[in-house]
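Some structures are shown below for you to check.
Next, two complexes with chain A in common: one pairs it with chain B, the other with chain C.
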Partner chain A sequence: MVKLFIQSIKLSIKSQIEYKGSFILNGISQLFIFFTYYFMIVALFSKFNNIKGFTVYEVLLCFSIIQFGYSITETFFRGIDKFEDLIIDGSLDRFLVRPRGILFQTLCSDVDFIKIFRVIQSVIVLIISLINLDIVWNINKVIVLILCLISSILIFFGLFVLTSSYCFITLQGLEVKNVFTDGGKYMAQYPIGIYRKGIVFIFTFIIPYAFINYYPLLYFLDKTNNTLYMFSPLLVLIFLVPCLWSFKIGLKHYNSAGS
Partner chain B sequence: MSYIVVDGISKTFKVSKRSSGMKAALKSFFKRNYVYVDAVKDISFSIEKGEIVGYIGPNGAGKSTTIKMLSGILLPTAGNIKVNGFNPFKDRKKYVSNIGVVFGQRSQLAWDIPAEDTFDLLRDIYKLDDKKYQKNKEELVKLLNIEEIIKKPVRTLSLGERMRCEICASLLHEPKILFLDEPTIGLDAVSKKIVRDFILKINKEKKVTVILTTHDMMDIDTLAKRIILIGKGKILYDGSLKKLKTEYGSYKNIIVKTDDTIKEIKLKGIISKKKIDGGYNLIIDSNLVTVSKVVNYLSKYHITDLDIDNEQIDDIILKLYEDYKI
Partner chain C sequence: MKSYLNFFKLRIITNLQYRAAALAGISTQLFFGFVYIMVYLALYESNKGVTPPMNLSSIVTYLWLQQAFFALTFPYTKDQELLNMIKNGNLAYELIRPQNFYFKFYIKLIANRMVAAFLRSIPILLIGFLLPEPYKLSMPSNITSLIIFIIALLFACLLVTALSMIMHLLTMYFLDARGVSSAYNVIADLFMGGIVPLPFFPKFLQNIAYKLPFRYISDFPYRVYSGDITIIVGKNMLIGSFIWIIIIIVIGLIISKHALKKAVIQGG
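This part shows the complex of A and B:
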């Protein structure tokens, strides 16, 4: 399965570098977009020293973890993000006549390799913030950091799967999804704890961003000693269950399109 | 039991209905009226191994819907399908290794890269043994005459070249059944011939069961011994092409070149007489009157040329459509 996925990635890249000029220009534009976000946070902190006790590098750490997960998802799982197109152009029919899982084939269908620039940038920001934070490293902290990065990928993956399930019924993308993915992403770039209670509730129990960028970070930044916080990113796995389940239900209701 | 058994399947789609215009569009935004459309109604047939079956009917008759149900893409609203012991929808993953599907209007090849790369990907998707795959690929590529074509990016190919690649792609895993949904649509005469010859060949040599939908009656004429005619979701005719021709194809077309004026022909079985440039076009029913009788009758005129034609299968189908009011 991994072999097939890598094979598909290779083909996607091959397709994309067929258009050299647009590939390079896109890459440059990715740089600009990302650093606008970055400088906004830095600019904000030139006025304030901290937001509810979080310093600039602590926020940047949070920012980079969320950006990392989002950009990995956008890069490698592009097919699921563009799922409505797959339904409309009939690609899904094609997947259905092949002896592999539909979700897996969807993931294989497209890789937006240009977004790898964003992944690299988020890693750079992550390193910058780690250097500037005085962290007393130990094995637990390494584990927390890795868990955060992985579950950050998983949460966006889950969200994309969830929103694409809806396409089976409407045959169309849903703009509402951006409230959760894009909108949620913007909010989650800051530690969830700085928001009002209602928002904290939503981003803890409905879309569990807080288990990636807030509770584990409290542990990571020595703001708490509770080791339970360390494993909170694992709760994202529970979130994946209804996402995958709804995709399965959606597939049952699929009605194809056109001749 | 037959190889493919279709037992009383129906497929109903829920379609939102609204009239044209902005007002209606806005109205339907808030309250939608749904209608249920039966794309396919209670269809049954069975197909033996190694058959080539032409599945024909006008646009919107339910051809593609049936193909989609047979290939496991859609679940029938009612009824059962058994293909080689599989239920196409429920046993999808196991079943689809046995079938190849070509949608004439949709491509399965990646647009920007050579078809050969897509072939290699298909090898991994179907988990094919590499040696067997290479051998099979070489054979297909040679048969379809696409040795050079598969090395060029798909977007640079002509429609005919692309279709040959599509067909090759759908046969790499050596399926036992091939579904072709309008395989010759938009192709030129040469490409059509290559595709047809190829289909005949794999049917004969590899015993591949072929089910094809088409609007091109030449396809049917050259390929299918059996046709299933469907209209408005129901089967109207299921049987040999020969029988259809003798039953419905008793009309003959006679073109008479003459400068004389032919008055009314007092014979039974003359269906129509039309004046054309430099002569007449007669259509006769050969069940009621023999050709020789007509020619005999015409011999009193000065005839420069005479052309007798069997009715084209296109006309037969048109007549069938008329008979069944579809």
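This part shows the complex of A and C:
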């Protein structure tokens, strides 16, 4: 199955770098876009020196983990992001007659390779902030960091699946979903602890952004000794259950758009 | 002139159909408004000793106005009809109409923006005014700055539309204009103060930003409203804004003339 996925990714990439000039131009603009995200934080911290006790590199670490997960999801799981298109143009009906899972086929259907530029940049920001933070490395910290990065991918994957299961009923994408994906991504760039209690509650227990970068980073940055915080990224797996489940329910109730 | 006015009216009516999209837009904008404000609040609270480049109520007002008029001042909103026309050659039909091609689409783009902004801004402004401190959108500092704000916002709309017309016209020269337009989007958004208000910029970037036309799109109107830009400076900036509008429209007209001259209409 993994082989098949890689195969289809390869095909998509090939078709996208066919137009080299436009690929490079788009890539440059991706660099620009990502730069502005980064610039926002750096500009604010040129005037202020901390945000609720977090320094600029600590915030950038938070930022890079979120951006990494989001851009990986955007790059390799684009099919699920654009799920409404599959329903509207009837491609989903074709998927139904094939001997593979629907979700799997959706993932294989499209890759937005240009967004790889954002992945690279988020890794660069991650490395920059790690170099500038005085971190006493040990095996636990390596594990935390890896868990953070993986769970960051998983949470966005889960969110995309959740929002796409809406499409089975509405037959179109809901713009409101951007609040949870784009809005959540923006929010979680900063340590969630800087926000007011209500927001912290929502983004801890309803959409668990706080578990992927805030709580584990508290441990990572020695702001707490509680080893439980180390494994908080694993809670994202629980979040995935209702996401996948709602997709399944949606699929059961799917009526073709008839095109 | 009358035909342009009728065309404007027609576009307004068409656009009013998209109310559901407006509702989605409002909730997104409200959410972002709150989150942005909370970030600044956290910053201001944790740095009591530092003198910030803008005071808290100015920045909160700035952020709400930015969210409320997001649709009016967004640097580049793609108009699919115009782009399709350019790509599939139906532009030829436009050439035989009595109206000027440039101004016709200029008016269409303005109407799109105005309706989108009208539907979204009123509820956001209302909610902003009703919120408690420190989230509250403040009243304008005085009546003169309110008047300057309204004119500045109108100019901002004229300016940003003229810029966006140029971006649409450039698609006639590039095969795939996505890269160009998204690069423009980022640069304009950055230098108009859409990402961080200009007072927060490092000195050298601030100097660049103050020389470019983009600051008249959002930095100027939103800051003059709260009194962060004084009335005397504001009056002068209105003139600057007007001059930029003329320059950008003239550039757009030249590009459209040149592009249309180059266009070869294929038979069939």
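Going forward, the second predicted complex is superposed on the first by the 258 of 259 C-alpha atoms of A that agree within 3 Å, B and C clash if a C-alpha of one lies under 4 Å from a C-alpha of the other, contacts with A are read in each partner's own complex, and residues count from 1 in each chain.
Here is the rule we go by: a residue touches a chain if its C-beta (ideal position, glycine included) is under 8 Å from a C-beta of that chain, and two chains touch if they have at least 3 such contacts.
Computed from a prediction, not measured in an experiment: that's the story for all the values here.
K.L.:
Of the two partner chains, chain B (first) and chain C (second), which one does A:P242 touch, if any: first, second, both, or neither?
P.N.:
In the superposition, A:P242 contacts neither chain B nor chain C.
K.L.:
Tell me which of chain B and chain C touches more residues of chain A.
P.N.:
Counted on chain A, the partner with more touching residues turns out to be C.
K.L.:
Identify the partner contact of A:Y190: answer first if only chain B is touched, second if only chain C is, both if each is, neither if none is.
P.N.:
Once the two structures are laid over each other on A, A:Y190 reaches chain C alone.
K.L.:
Is A:K252 contacted by the first partner chain B, the second partner chain C, both or neither?
P.N.:
first
K.L.:
Look at A:P99 in the shared chain and tell me whether it touches chain B only, chain C only, both, or neither; answer first, second, both or neither.
P.N.:
It touches chain B, and chain C stays clear.
K.L.:
A:K14 contacts which: chain B (first), chain C (second), both, neither?
P.N.:
After superposing on A, A:K14 lies in contact with chain B but is clear of chain C.
K.L.:
Can you give me the overlap between the chain B contact set and the chain C contact set on chain A?
P.N.:
Dual-contact residues (chain A): 19.
K.L.:
Give every residue of chain C touching chain A within the complex, in rising order.
P.N.:
Of all residues in chain C, those touching chain A are 21, 24-25, 27-28, 31-32, 35, 38-39, 42-43, 45-47, 50, 52-53, 175-176, 178-180, 182-183, 186-187, 189-190, 195-196, 200-202.
K.L.:
Flag every residue of chain B that touches chain A in the complex, lowest number first.
P.N.:
Of all residues in chain B, those touching chain A are 13, 59, 63-64, 68, 71-75, 92-94, 96-97, 99, 101, 103, 105-106, 108, 110-113, 117-118, 120-121, 124-127, 153, 181.
K.L.:
Okay, in this complex, where on chain A does chain C touch?
P.N.:
19, 22, 25-26, 28-29, 32-33, 35-36, 39-40, 43-44, 46-53, 174-176, 178-179, 183, 186-187, 190, 194-196, 199
K.L.:
Under the definition above, what is the set of chain A residues touching chain B in their complex?
P.N.:
Interface residues on chain A, with respect to chain B: 3-4, 7-8, 11, 14-16, 18-19, 89-90, 93-94, 96-101, 105, 252, 254-256, 258-259.
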